[in-house]
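Take a look at the structure set out below.
Just so it is clear, A, B, C and D label the chains in written order, and each chain counts residues from 1 on its own.
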Amino acid sequence: MQAPELAVSQWFNTPAPITLAGLRGRVVMLHAFQMLCPGCVAHGTPQAQRADALFRNSDLSVISLHTVFEYHAAMTPVSLEAFIHEYRLTFPIGVDRAGEDGPIPVTMARYEMRGTPTAILIGRDGRIRHHGFGQEDDMALGAFIGALLAEPAP
Amino acid sequence: MQAPELAVSQWFNTPAPITLAGLRGRVVMLHAFQMLCPGCVAHGTPQAQRADALFRNSDLSVISLHTVFEYHAAMTPVSLEAFIHEYRLTFPIGVDRAGEDGPIPVTMARYEMRGTPTAILIGRDGRIRHHGFGQEDDMALGAFIGALLAEPAP
Amino acid sequence: MQAPELAVSQWFNTPAPITLAGLRGRVVMLHAFQMLCPGCVAHGTPQAQRADALFRNSDLSVISLHTVFEYHAAMTPVSLEAFIHEYRLTFPIGVDRAGEDGPIPVTMARYEMRGTPTAILIGRDGRIRHHGFGQEDDMALGAFIGALLAEPAP
Amino acid sequence: MQAPELAVSQWFNTPAPITLAGLRGRVVMLHAFQMLCPGCVAHGTPQAQRADALFRNSDLSVISLHTVFEYHAAMTPVSLEAFIHEYRLTFPIGVDRAGEDGPIPVTMARYEMRGTPTAILIGRDGRIRHHGFGQEDDMALGAFIGALLAEPAP
């Protein structure tokens, strides 16, 4: 399945908005989290940071999405900004655009994510190649990324 | 030094406000934290939870204080309530009363805390017996508590 | 119950043999392990090392016993000596004397230990005050030790 | 560099001796360890177990070598067998053949290993593609393996 475009209302840690279209040809790891989700704070987000550091000089881009689908008043961009600063997060983080008809934000709905943390891998061809919910094993994630990076650019 | 009284603007997880005066004769562990402090989330708060569970049937009371001294707009009671629910915290948590002259809340100033997490142990006699800042070793903390519980009530 | 005396065929990390009689008045932590017991290597022995370091300047003595009750040919003193060196163990370690009638060594039988790791705490009065089998919580162990150290010498 | 053949004096966990020649076309992870090496027990060997479980249905073969280069009397096959049983190791483990002129065993010398743990990855073409000494990151190791598995058989 072709990866849908991101819908982001506000970006942190990037000088300009990021689109998947602009990353075509690269492998993309999409890390969706909520700042008050314990499994994200303990596992998902540190793992995304490790991936960002490990593959810094490769063709992988680690992009993070704050997909708030509960406690909206508790996880505003003001709180998120403090969280990003306190946890020393350095990869680009987009605030998933609020949904019009319910609590689920737009990108989260487009990707049919089941919750947070979610890790999605998009190949050089722009297709979704892995869609994982919950705690992801480091070695398994590395193997997925290694295989995708080994593919030739389209 | 006699432990100063708590100044709390709002309580969670307790049917009635708590005072140190009302706990006299018991040993008290005061756990001060901020919900966006990584060292609190990773170490201090889980340790307070473990202490609360371990000494549940003893004369120890574990009381927590949300001592916000930075990013006040990011750590409001609304955000704290979601944090408490998401992290399944069950011990009493008081919001340290905002200071009048600066960012430091009242109880934090009274105890001259240096930051978060802080763990303070108060003996049965109401005196401060341990005042620790930062990551505290489980075995060392246990030894302090065990010794204080072994003291006779005044 | 009064703690039975140790029966040791060979000592490591001590200039002279150790007896409980000689330690009377002090609190003793007896750590029984086998060098090929995974729970000892991962939890029990590192915990005994932490206790030894934490209470170094107190009245606690941490004494270790190699209580081999299985795979005797695989855990000889020659292998144990390499283990002690490789794992940088510095507390006194005694080889529990082989039993005459079966695989269980003498001290292990005297204390009716159920397996390894076992942690036993002996009070200043020479009596057994705690007898734990398996993984022991650091904070709980600390509390036991702290309470025993708080007791006056007999 | 073409991977030299293994020199093994005794195998565990395999019905028949294993040769690299017989594995040609597959990716091979060679895990070299010593049963009394703390870094092996804590990190290297559990990682090899995770790799074996994770890639069980792929073209990866995890082969382990007991490369004893110190404390030979402490790490005999008798002790190794108890270690394998106690740690529930299930992948094939070969005892690296003793060297004729010194403490370094034959395969360890052929591969010029610097110590234990060592992780070596051999591609489908039989060439050494990764040669790592010490603690290896799970995600990085996964990426190496994923890339090698993605290569076509020669």
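We adopt the following convention: a residue touches a chain if its C-beta (ideal position, glycine included) is under 8 Å from a C-beta of that chain, and two chains touch if they have at least 3 such contacts.
Keep in mind it's a predicted model, so treat the numbers as computed, not measured.
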Among the chains, which one keeps its Cα centre farthest from the Cα centre of chain C?
A
Rounded Å distance, chain B centre to chain D centre (Cα mean)
50
At what distance in angstrom does the C-alpha mean of chain D lie from that of chain C?
35
Mind pulling the residue numbers of chain B that touch at least two other chains?
none
If each protein chain is taken as a node and each touching pair as an edge, is the resulting graph a line, ring, star, complete or other?
ring
By the document's touch rule, what are all the touching chain pairs in this structure?
A-B, A-D, B-C, C-D
Seen from chain C, its contact residues with chain D in the complex are 36-38, 41-42, 71, 73-75, 78-79, 81-83, 85-87
Seen from chain B, its contact residues with chain C in the complex are 47, 50-51, 54-55, 137-147, 149-151
